[in-house]
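Notes to accompany the following structure.
Letters A, B, C, D, E and F mark the chains in the order given here, with residues in each chain numbered from 1 onward.
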Amino acid sequence: MTRPIRKKVIAVVETAHLRRLIDLIKSCGVSGLTVIDGREGSGVTGDWVRDGVSEAVEMKIVHAVMTAETAERVFDKAAVFFERYPGIIYSHDVEVVRGERF
Amino acid sequence: MTRPIRKKVIAVVETAHLRRLIDLIKSCGVSGLTVIDGREGSGVTGDWVRDGVSEAVEMKIVHAVMTAETAERVFDKAAVFFERYPGIIYSHDVEVVRGERF
Amino acid sequence: MTRPIRKKVIAVVETAHLRRLIDLIKSCGVSGLTVIDGREGSGVTGDWVRDGVSEAVEMKIVHAVMTAETAERVFDKAAVFFERYPGIIYSHDVEVVRGERF
Amino acid sequence: MIDAIALALANLTSPAVLFFALGIFAGIVRSDLTIPQAIAKGLALYLMLAIGFKGGAAVAEVGLSTDLALAALAGVVLSFSLPLVAFALLRAFTKVDRATAAASAAHYGSISVVTFVAGSEFLTLSGLVWSGHMVAVLAIMETPAILTGLWLAGRASKGPDPEARPELVREVLLNGSVVLLIGAFLIGWASGPAGMARLDLFVNGLFQGLLCLFLLDMGLVAARRLGGARKLGLSGVIFGLVMPLIGAAAALPVAWLIGMSPGDAAALMILSGSASYIAVPAAMRIALPEADPSVYLTLSLAITFPFNLTIGIPLYASVAQAVLGG
Amino acid sequence: MIDAIALALANLTSPAVLFFALGIFAGIVRSDLTIPQAIAKGLALYLMLAIGFKGGAAVAEVGLSTDLALAALAGVVLSFSLPLVAFALLRAFTKVDRATAAASAAHYGSISVVTFVAGSEFLTLSGLVWSGHMVAVLAIMETPAILTGLWLAGRASKGPDPEARPELVREVLLNGSVVLLIGAFLIGWASGPAGMARLDLFVNGLFQGLLCLFLLDMGLVAARRLGGARKLGLSGVIFGLVMPLIGAAAALPVAWLIGMSPGDAAALMILSGSASYIAVPAAMRIALPEADPSVYLTLSLAITFPFNLTIGIPLYASVAQAVLGG
Amino acid sequence: MIDAIALALANLTSPAVLFFALGIFAGIVRSDLTIPQAIAKGLALYLMLAIGFKGGAAVAEVGLSTDLALAALAGVVLSFSLPLVAFALLRAFTKVDRATAAASAAHYGSISVVTFVAGSEFLTLSGLVWSGHMVAVLAIMETPAILTGLWLAGRASKGPDPEARPELVREVLLNGSVVLLIGAFLIGWASGPAGMARLDLFVNGLFQGLLCLFLLDMGLVAARRLGGARKLGLSGVIFGLVMPLIGAAAALPVAWLIGMSPGDAAALMILSGSASYIAVPAAMRIALPEADPSVYLTLSLAITFPFNLTIGIPLYASVAQAVLGG
C-alpha cells in the first residue's frame, strides 16, 4: 500500500536558542513538533555534555514532520539561523499515516 | 556495497498508552524496539512539556526497525490506535547491518 | 531546490561500550555526533529499562551525519563491533543544509 | 472571626504559600527558572512517603477506632457523589463537551495530596488536631471518583475504550500514589514509635523545606497552565473556584453526622474540596482520551489548587472550628 | 536463640525492610509506582558518601590500628577466592554457560554497598559495635573478584575482549563507587570530629529516611527482575540463596583468625555474603559481553539481595555474636 | 599572619573543599563517577533557595538599614566596571578574539553563587559576621556585567543579534537564579524568625552536606573543563588566577568607603573576585554566539572557581580582617 510522503526535519540546537528555533519552525506552518534532550555530542564548535552546572551549551533535538513545501520554508529560514548559531539541520522523506494531519 | 533495506517505524505516543503501543508493535513480530523520553512538543491536541507534576500528557518516542511486511502490519493496527489516541506514526527505509536480525 | 545528500548513521549501544563506539565513529572522520539517552527497549539479548540501580545494561542512541564514504567505513568497523556487543546500527540518506560541514 | 482572618493571613505569609507565589510569578514573567522533572517527581514521592508514614505512626500511637471506618465510608461516599454535582454544573454552565465534563468531574471527587499536605501542616500549626487515619482516608478517596467519571462518560456516544480496561483497572487500583500512601501508612503503623524515632528528622524535620521546593514547582506548573483559563471562559473559571467550596461544604454535614473532631472535619473538608492532579488525569488519559486534558488540568492545577492553598484551607479550618469546635 | 529471633523480627519490621517489601509488592502487582532514575542514582551516591564519611570519621576518632590492614587482607582474600566456589557450584548444579557462570561468580566475591549499609544500621541498632575501617574493607573488596571472574572466563573459548582492556582497567580501579567510598572515607578521616559536627545531620540524621526511599526503589527493581528467576531454574534460585550463606560462613573463621570483634566479624560476614550489583555488572558488560546479564542481575538483585536484607543480616549477626561474642 | 595561614589550612581541610578535590581527582583519572544532571540542578536550586532564605531571615531579624542601599550600589558599580578591566587585560595579554574577550569579561563582573555560598560558610565558621542583605547584593551583581560585556562586544564587527533581544532581556532580568535568590530572600524576610524556625533544619542543618555533594559535582565539571586550559595558553591561565585578585582588591576600597564591617567587606570581595558560570554563560550564548564558550567556561569553572574556593576565600577574609578589622 502506498502512503502519503512527508518530510521529517531534524535539528540539533543549543538550549539557549531552542525557543527561537521552535518559533521559526512554527511560523512556517507545521502542525506539530517534538523536542528531546541531548545527552552529549561534538561538532565543529566543540564538545558538550549535559551536566546541570552550565546548561548554556547543552543541545536539544527538534523533530517535525511536515509537507515538502513547508520543509522548504523551514530550510530557508533555518539556513540563516544556523549561520550564526551552533547546530545542524537536515531532513528526509517519511511515509505517514493520516497524511491530512501534516 | 549494498546492504539489506528495512523499515524504521517511529511513533510519538502518550506515556499513558505506551504499554499498549509496545504490545501492539511486538504482536506484529518485531525483533526489538527502543523507547526514548520526549521533552516537550505540540500537536493538534495541544502542547505538553515534561514537568513531573502531571505526567499524564507526557510523550514517549518509540523506534523500531523491521521488515517492510511487518511495518505494514504495524501501520494497519496503529492507524486504528492513533484514531483515538494523540500521537503520530511514520516510517522510512534504512540500510542495516546484520539484516537477518530484523 | 536540491540539497546535498549525506548519510545519517544511527546506533543503539550499551552505555558500557558507548565510549568505544564514539571513538570508532570519530576515527572514521565524522565532523560531529549527538548522543541521547534511551528509556527502555528490547532486543535479541533481552529487555532493559533505565532505572538507576544497574546502569550496566542501559542503552544510548548515537546519531551522526556524514558522507556516504565515511558511513561505509563506519559500517565496516561497526559490523565487527556489534558482532560481539548488543545493539544495532543502521543508516539512511538525509538532505542537509551547509553540506560542506559534514 | 478575627481569629479566622489572622489565621488566613498567617497562611498567606507562610514560606510554603510564598514559594508557591514565587513559582507563579516566575512562570508568568516567563523566567527560565525550572525544577528538573526528576526532582519534582522525587519531591512528590517524598511528600507521599512522609505524610503516609506520619499518619500510620500516629495511628500506632493512639490505636485504631471505628472512627477510621466511618471516616473512610464518608470519604468514599463523597468521592463517589461529588463528581455528579461537578458534572451537572459543568454541563449546565460551561460549554465543555460531555467527555471532558465527565473527566473534569472525576477530578473533583478525588483529592490532591499536596493540598492535603499543605492543609495538614496548616491545621497542626493552628493547633487543630487531626487523626493520623485521615491519611488512609486520603488514599481511599483517590479513586472512587474515577468510576463515577467513567460512568458519566459512558453514557456519551463514545465510552471508555474496552481495550484499555486492564491498564485502567491497574491505574485505578494500583496507581503509584495510592500504593505509596497506603504502603507508607501501613509501614508507619507497623513500625510505630520506634520507627518514627529513626525517621523523625526525615519525615518531620525536612517536611516544610521540601514542601516549599515542591510548591515552587507547583507554582511554575500552575502558571504554565494559566493560559488554558482563557479557553475555559469565565464560567469555567468560576466553576473552578466554586466547586471546591461545594465539595468542602458537602463534607461538613457528613463530618458532623459521624461525630468528627473539628480537626478531622477540617481535614475532610480539605480533601473533599481539593481536586486531583496525578491519579485522575492519568486514569482519564487512559480511559477517556477524547476528554481535553487542558481543561481538567487547568481547572485542577491553575484554579482550584491555588484557591485552596491560599483561601480554601484557612476558610475550611475556620468553618470546621466554628461549627464543630468547643 | 530467643534473642536471635527477636532480632530477626525487629529487622523484618524495620521501616527500611518494609519499604523494600513495599517496592517488591508494587513491582509484582505492576503498579505504576516508579522512582526517577536520577533520584535513584542520587540516593545511591548519598549512601556511599555518607557511609564512607562516617567510616572515616570513626577512624579519625579511634585512630588506625593494624586491624585495618588485617581486615583488608581478609577482604581481599575472600573477594579473590569466593568466585572460585561460586563458579564451581554454578557449573556443577546449573545449566549456565561458562562465561555467564564466571561473570556471576565475580558478583559473589564482590560486595553490595546497600547490603552493607542496611547491615551496619542493623548492627548499630542491635548494639553490635563495628569499626569505621570496615568501610575501607568494603571498598577494597569491590574489585578483586572481577579479576578472578575474568580469569575463570578467560579459560573459555572467547576470553575478555582485548580492545576493551583500557576501559576495563579504569572500571576495575576507578569505578565511581570505589572512588566515592574511598574518597569520602579519607575525607571523613581528614576532617575528623570537626567535619562530622558539620555534616552530622546530613550523614546521620537523614540516613534512615533516604535508605528507606532507596530500598523502595531496590524493591521495584528486584521485582522487575523476578521474572528472570524462571530462566534460572530451581537450581539457580537455590544457588542464589545458598551462596550468600557460604560466603558469610567463609568469613567467620577468617574473622576469628585475625581476632576480629563480633561486630566487625558480622560486618565481614555481611560483605562476604553479599553480591555486587553496580561495579561488577558494569565491568562484566565491558569485558564479557557474552555473559547473560539477566542471569547475574537476577541472582544478585532479585534473590541474594532480598535474602540478605531480610534473613541473612540478622542471621550473620547472631552467629558472629554467638561464636565470637563474650 | 599565623591566623591567616591557620584559616587557610582549615579551609583546605574542610569537607566541602575536600569533596571538590575528590571531584577534580575523579574527573582527571576519568573515573565513571557522575552526578545525574537533575541532581546537580536540584542541588544548585537548593543552595540558592537556602542562601536567599537565610539572608532574608537575617534581615528580618536585624532590620534593614541604608547599608543595603550602599552595598547594592557598590555591587552594581563593581559589576558594571570590572568587565572593562578584564576585557583590557584579555585583549592585551591573550590571543582571544574581541567577542570572546567581551563575553569572558562579563563573567568576571558578575558573581558565582556557589563561591559566595562556600565563602559565607567560611566566614561564619571563622567568626566573621556578614549581613543577610549581602545575599541581595549577590543577586543584584549577577547581571549588570552582562550589559558591559555586550557593550564591549557591540563595538566589534558583529554585535549582539537584534532578533535575540527579547530572550536576552528576559535572561538578564529574569534568569532563574536571580528570581530564586531574590524571591527566597524576600520570602525569608517576610516570614521572619517564625518561618526560619520551620525551615531551620532544611536551610541550615542540611546546608554543609548538600554543599559537599554539589562541590563534588563542581569538581567533576571543572576537571572536564581543564582540557580547555591548553587552548587558553599560559597567559589565559594567568588571567584566570589574577583577575579574581583584581576583582577582590577593587572591592576593598569600595567597602572601606561605604564603611562596611570586615565580614561584609570580605563578602563583597568574594563576590567581586568570583566569576559567573550560570547566568552569564546563558546570556552570552544568546547574545554572542560567536564568542567561544570553551574559553569562558574554562576560565570560570576550571581556573577561577578552584582558585577562589581554595586560596581566594581565606585570603580575602584575612585581608578584609587585617585592613578593616578592629
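Structural remarks
To be clear about the criterion, a contact is a pair of C-beta atoms (placed from the backbone, for glycine too) under 8 Å apart; a residue touches a chain by one contact, two chains touch by 3 or more.
Please read all numbers here as calculations on a predicted model, not as lab measurements.
If you take chain C and chain D together, the chains in touch with both are B, E. Contact with both chain A and chain D is made by B, F. Each chain's centre was taken as the mean of its CA atoms, and the one lying most distant from chain B is F.
One finds 35 Å separating the Cα centroids of chain B and chain D. A separation of 39 Å divides the Cα centre of chain B from that of chain E. Counting partner chains per residue, chain B shows two or more touched chains at residues 36-37, 52, 92.
Counting partner chains per residue, chain E shows two or more touched chains at residues 35-39, 41-42, 201, 205-206, 282.
By the definition of touch given earlier, these chain pairs are in contact: A-B, A-C, A-F, B-C, B-D, C-E, D-E, D-F, E-F. Chain A contributes residues 14, 16-17, 19-20, 45-46, 49-57, 84-86 to its touches with chain F in the complex.
Chain E contributes residues 13-15, 18-19, 22, 25-26, 29-39, 42, 201, 205-206, 208-210, 212-213, 216 to its touches with chain D in the complex.
The residues of chain F lying in touch with chain A in their complex are 35-41, 44, 161, 163-164, 167, 217-218, 220-221, 224, 277-278, 281-282, 284-286, 289-290, 292-294, 297, 301. Those residues of chain F whose C-beta lies close enough to touch chain D in the complex are 36-39, 41-42, 45-46, 49, 53, 170-171, 174-176, 179-180, 183-184, 186-188, 190-191, 195, 198-199, 201-203, 205-206, 282.
The residues of chain B lying in touch with chain A in their complex are 10, 12, 36-44, 59, 61, 72, 75, 78-79, 82, 88-92.
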